[in-house]
Every structure is written in C-alpha cells, then in structure tokens.
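Some structures are shown below for you to check.
Both complexes below contain chain A, partnered by chain B and then by chain C.
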Partner chain A sequence: MDSSAWGMLMQGAWTTAWISATSIAIGVVLGLLVALVRLARIPVVHQVLGLYISIARATPLVTLVLFIFLTAPTMGIHLNRNVAGILALTLNTTAFNAEIWRSAFNNFSKEQREAAMAIGMTPWIYFRRIMLPQITITSLPGLVNEMSFLIKGSPAIAVIGIVDLTRVTNRISAVTYDPLPPILAAAVIYMGIISLLVWLQRIAERKANRLAV
Partner chain B sequence: MSNWEILWDSRGVFLNGFYTTLQLFGMSAVLAFLAGCGIVFLLEGSRPRLRVPLRIFIDGMRMLPFLILAYLLYYGLPSTGIRLSAWQAGMIALVSYHGAYFAEILRGCRLTLPAGQVEAAIAQGFSMPGMYLRIVLPQLVLSARALIGNQLIILLKDTAFLVIITVRELTAAANSLSSTYFIPMEAFIVVIGFYWLISIGLEQGIKIIGRFGAKRGFNNA
Partner chain C sequence: MHEPATSETTMVSVAETADTSVVAAAVSIRGVSKSFDGTEVLRDVSMEVAPGEVVSILGSSGSGKSTLLRCINWLETPDRGEIHIAGDRIGMSDTGKPMSRRELAGMRSRLGMVFQSFNLWPHLSVLRNVTEAPIHVQGCSKAEAGERAMALLEKVGMAHKCDAFPYTLSGGQKQRVAIARALAMQPKVMLFDEPTSALDPELVGEVLAVIKDLSKEGYTMVIVTHEMEFARAVSDQVVFLDKGIIIEKSPPEEFFVTPKTDRVRRFLELEAPTA
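Moving on to the complex of A and B:
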C-alpha cells in the first residue's frame, strides 16, 4: 500500500468516527429523554415508546439503514446519505441507551428523593443536582459499552454507499488489486478505536465502583 | 393492485430469504455455542497450554466489527489462494466471531464458580472431560442464560451484515424486491417484522429456560 491508500484509509476512519460520534452524542441525550418520558408513564406514549424500543433492538442495523434510505424518497423526503446513516445509527443506539438509563433510574434510592423534598428542593432541582450526576456515573460503563457496540455496527452504513472505514477497503483494492492489506489495516484501526473505548469503560467502571461503595 | 398484494405475490422471495436467515442463524448459533464451550474447556485446569493464543483470539474478535471479519474471509482470503463462497465465508465468520463471544460469556461465569466443586469432582474420580460436561458446563449455561440470549439476538442481527458480501438472506430479499417493484417501505416493514418475531421467540425461549433454571436454584442470573 502506498501513501494515497493510507490517505484514503484515514479518510474512511474519519468518516466512521464523525458519523459514529454524532450518533453517540444524539443517542445518549435522546436515550435519557426517552427514559424520562417512559418513567412518567403517560398512557399511550409509554406503550408507543416500549414498542419502539422492542422493535429497534430487534432490527439489524443494515436493515434499518436500507429502510430509512430507500423509504424516505417515497415519502417525499430527500435524505443525504450521511444523514440517513446518522439517523439509522441514532435510532438504534437510542433504544439501547434508553434501557441503560431506565435501569439506572429504577435502581436509584428513593430515600434521597424524600430527603431532597424534605429540605425544600423542587423536583427539577432534585433531578438536576442530586439524581442526574449520580445516575450519569452509574450508567457510564453501560453507555460506553453501547458506544463500542455502535462502532462495531457502524459498517452497516457502507450498504448505502457511505465510504466508511470498511467500504474504503473496496475502493483501495479496486486500484491495487490486492484486498488483503487494506482490510487488515482497517481491522487494526478499528481495534485501535475500540480498545480506546474499552479503556474508557474500565475507567468509568472504576469511578462507578468507587461511588457504589 | 396495491403494494401489499405485490408483496403477497412474491412471498416466495421472502420465504426463501427467511429460510436462509434461519438456516444461517440456527447453524451458526449451535456451532458458535459449541465452539465457545470448547474454548472454555481448553482454558480449564490450573495451567492450560493454550491460554495465551485463546486470549488473543477472544480479545481480537471482541475488538473487531463483524463485517470486517466477513470482508477478510470473503474478499481478503482469495489473495492467499483460499476461495470461499459468500455463504461459506459468512458462516465461518459468524461461527468464529460469536464463538469467541460465547467463550467470553462462559469464561466470565466460570470465574464465579467455587473451586471446591472441581476438587470434589476430581476426588470422586471424574475425568476432566466428564467433570466439565456433567458439573461445570450445565451450571455455566444455566447461570449465563440471559447473556447467552442477548448474544443470540446479536448473532441474529449480524446475519443481516452478510447482505453486503452478497448472501441472499432476508434483508437481501427485501432489498431486491424493493428495487424491482419500487415498494421499499412495505418490503422492509415485512422484513423488520420477521426479525422482530424471531427476537421475541428467542426472548420467550430464554424465559422458559429461566423457569427451568429457577427450579434448580439459579435465580440470581
């Protein structure tokens, strides 16, 4: 592989990284919102969100990406490839994150709420100052784990023609007629990205354990 | 003719895809599970010879996206002279990738098993394989059932990746139908429904195993 092949690989890695990072950022926040709304148990909304989570967790990413990318034009929406990819990854990761947040909410002690109410905190201040900081730390290991799952699932966006780190290997081998080196190099880059996340997860776990004691 | 009628007329394509997906899923789930059990058996004992290579294999698989492995087998191997069909490459990728994950799940459970059991079994004259099959493995499977169920659902979803290396499975069926008749929404809704059904079936199956496990005192999984 020459330098232009490495350049293409790096571009692919960058595409994978920014699309995944965008989906992760939106997905973590949306997941928190979904979990909060489900916590309120509003009659119809609760069931609809439950159905969404159940379906989104069962749908393969490839199928979801194709579904969004091919269906949007028939409904008169013109989606850019990247937007369709981000949308699919976000829909998928939001469902998983919502469950992580929800279990953190369910495991949160009720005494703290009573104490906060007793000293005159409003529900919002209680949530913002007492609950959120603690459940963020307890659900962080799960969230980071889900992030590495998202990276591992991100090659799905290659199916609609986004030149990510997986698809770029096809482009390179179309020029060099030797597919093995670029695929191996891409595998090493993926390993680098994911081991970074695993390392972050280990730190997050250590923090969470310290809080639990 | 409405779009749904078109889909009903081409139900054969869906059923073929569904059959291929079920076949890939069923065979690779069984083989990967056996591979996982085998790897954990090889890690048994106080100083297993294969510890380092197996650790490297498991950790390597866990850091790799599934599609890259499939690419490696389908596009990469021919340049070393080994030519696999898309189906074979997909199958081998599924088995080796998820075998590593199953091994990791079972290994994690193995660590929590009290050491006294193994010593007692050896003292009773159990051979290593007999001890593993009769005493260690049943406990591992029953106490790790929830994680195994999750992994099976991930395996099911990973079969969809194989559409990219041109395996004719369920997602490929929807893709080809939607491009032939230009009815993407209906075709993909049907396919997502199929995947959803299999997942719900899996979850129910795990619940039933859970009831069986609870009867034998494995409540804490």
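Moving on to the complex of A and C:
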C-alpha cells in the first residue's frame, strides 16, 4: 500500500468516525428522551413509540438506509447521502438505547427516590441531580456495547454511495489488485476506535463501584 | 372510642382555631384513614405534636406506625383525613385539590425524614449528600450550605468522613449522615422511621445518642421505634398503635409503668421485660 492508499484509508476512517459519532451523540440523547416519554405512559404516544422501537430493532441497517434514501425524495425531501446515512443509523441506535435507558429507570432505587421526595426535591431536581448521574453510569456498559455495534454496522451506509472505512478498501484494492492489506488495515482501525470506547467504559465502571451501596 | 380520644378531641378543637390562636401544633393529624388493597392500615387516627415535643410511636409490626409516619410527609396519601404542619395543610391545597408537585415539595422541605435503610445517595460524597438539598432546593450558596453541613456533620460525629462515599461507611455512620442530611434543610419537624432497625446491635447506640442529643436541643420529633428504653428516655409522649388505632397516648412514665390497656401491658412484657 502506498501513501495515497493510506490517505484514502484515513479519509474512509474519518467518514466512519464522524458519521458514527454524530449518530451516537444524537441517538444516546434521543433514546433517553424516548425512554422518558414512554415512562409517562401517554396514551397513543406510548404505543407509537413502542411500535417504532419494535420496527427499528427488527429492521436490518442496510434496509433502513436504502428505505430512507429512496423514499425521502418521493415525499419531496431531498436528502444528502450523509444526512440519510446519519438518519438511518440514528433511528436504529435510538431504539436500542431507549430500551437500555428504560431498563435503568425501572431498576432504579425506590428508596433514593423517597429520600429525595421527603427532603423536598421536585421530580425534576430529583431526576437531574440524583437519578440521571447514576443511571448514566450504570447504563454505560450497555450504551457502549450499542455504540460498538453501531460502528461495526456502519458499513451499511455504503449502499447509498458513502465511502466509509469498509467501502474505501474496495476502492484501494481496485487499483492495487491486492485486497488483503487494506482490509487488514481497516480492521485495525476499527479495533482502535472500539478499544477507545471500551477504555472509556472501564473508567465508568470504576466509578460505578461507588454506587454499590 | 378509646380513653385518650377525649383529650385529643379537645386538642383538635384548639388546632381548628389555630389561625387565630398563638401557637399551631407542629403536626396535627385529624381523622386519617388508609387502606392498602382493601386492608385498613390506619383507622380514623388523630393526634397532635406540639412544637418542641418528642413523640414516640410504638406498636407491633403491622400496626400501621410506619404508614402513619409516612402519611405525615405525604409519602403515603391518606384515603381520608387531614394533616397540618405548623398550621398548613399538606397534600391538599386550600381549594381541596391535590397540591402541585412543587407545592408538595415545599411542604415536605419543612419536614426532615430519616429512613430505616438510610437511603443516602451513593453517587455523592458525605458532604454533598448533606449540601445537595440546601443548594438545589433552597437555593443556598455552596459556601453557606457547606458551612452548615460541616457544622451538622460535626454534631453527628461524622465531619472526619466528609469526603468519603456512602459505600465506605458502616450502617451507623450512614444513618448519622442521613440525620445530618435531614437537619440541613432546617426542618420544623424530624420524622424517624425505625432509624435503628437495620443496624447491627453494636451500632444502635451511636445513632440513638445522636437522636437523644437532638431531643435535648428542642427539636420537634416523631419517632417510630422498637427501642423501648430509648423511647422511654427520650419521649414526652408515647403513642401506641394497634391495628391502625391509637389505643394509648401518655407520657412515658405513665405508659411504661402504669399502662391503661391490657394490650399495651402484653406488648411491654414481650418487648421490654425489664421495664
């Protein structure tokens, strides 16, 4: 592999990284909001979100990416490839994250809630100061797991022409006729990105030990 | 109706004119009933706690004493009856509608509660457990809340652990921090829900000593407990609940020495054979 091949690889890695990071950032927050809204059990909204989660979790990423990219123009929306890719990844990961957050809410200590209510905290102060900091830490292993699934599943966005880290290896081997080196190099980069996440997770878990009362 | 009811009735009528009288009861419970799944846990309970008074609630398990305490700060919602804190009704607004969450939180901040299982917030240090509510509920500055917290931690003998996290503390230490946390809101009344029941026997003393100190400082307290010696030493009034009804209310020397009912006599023989 020459330097131009490395350059292409790095560009692919960057594409994968920023599109995944954007989807993760939106998906984690949106998943929290979906879980919160479901917690309120508002009729209709509750069922609609439940249906969304079931469908999004059951749909292959490739299908979702193609569906969004192909149907948006028929509804008069012109999506740039990157936006379509981010939208698909976000819709997918939000559904999984919402379930992770929801189980954290459901398992949260009733005693701590009572202590907060008894001392005069409003539900909002309780949520922000007592519950959220703790469920963020306890949910992190699940969330990081989902993040790594998303990154590893992100080559699906290549079907609409985004040149990500996997797609770029095809392009390089089309010139060099030697597919193995770029594929191995890409694999190492994927591992690097994911081990960064796992490292963050480990720090969080160390913090989580404190939460064992 | 039972014997103590007559004296309570007169107290209720005093409280009803509380708007015009000088001192309102710190806690006034009027005709409170509560059922869980069709089982009546409290039946038409009325009692008063005067400012500065220490009242112990005794009774065998399942008598409704914890439920009664939890009704006072509306952690349980009574089915019937009213509860007033220093003259203000809790749970219901003047118009008879349930209070908003914000109004309820405001009322609750005037009551400190100590739980059987401590219920400290594990993600916060000892100091921050105590300063959290003053800062984020009362809007105190960090410096002011910190100063107040350190003074209280000093009082309960936990100042040296201010930077520790709850998981490193013993049960007795956790409970002392929980007491400081409740005191930090400068409540009008302290509620203790079996504060020593989850403790190893050798740790009970340190917690009771702290509560005893508070009683000497004139705090108004309502204490649900199984510690007979302690109740006798610390209380101005002892209330005995049986199957959701107050069957005795008297000063400790009367309650423990010359109980009026057979039920209490039997209870004392079982719980405190030496008394």
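One rule holds for everything that comes next: the second predicted complex is superposed on the first by the 210 of 213 C-alpha atoms of A that agree within 3 Å, B and C clash if a C-alpha of one lies under 4 Å from a C-alpha of the other, contacts with A are read in each partner's own complex, and residues count from 1 in each chain.
The criterion applied here is as follows: contacts are C-beta pairs under 8 Å (C-beta built on N, C-alpha and C of every residue); 3 or more make two chains touch, one makes a residue touch a chain.
As the structure is a prediction and not an experimental result, all values here were calculated from the model.
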Contacts of A:I77 with chain B and chain C, given as first, second, both or neither: neither
Which superposed partner A:A115 touches (first chain B, second chain C, both, neither): second
Residue contacts with chain A in the superposition, chain B compared against chain C: B
Contacts of A:A25 with chain B and chain C, given as first, second, both or neither: neither
First (chain B), second (chain C), both or neither touched by A:P123: second
Touching partner for A:V175 - first (chain B), second (chain C), both, neither: neither
Touched partner set for A:G153, first chain B, second chain C, both or neither: first
Residues of chain A touching chain B in the complex: 54-55, 57-64, 66-67, 70-71, 74-75, 151-156, 158-159, 166, 169-170, 173, 178-180, 183-184, 186-187, 190-191, 194-195, 198
Residue ranges of chain C touching chain A (in the complex, touch as defined): 73, 75, 101-102, 105-113, 115, 117, 119-123, 132-133, 136-137, 165-167, 178, 181-182, 185
Residues of chain B defined as touching chain A within the complex: 60, 63-68, 71-72, 75-80, 153, 156-161, 163-164, 170-171, 174-175, 178, 182, 184-185, 188-189, 191-192, 195-196, 198-200
Chain A residues within the chain C interface of the complex: 109, 111-112, 114-123, 125, 129-130, 133-134, 137, 209-213
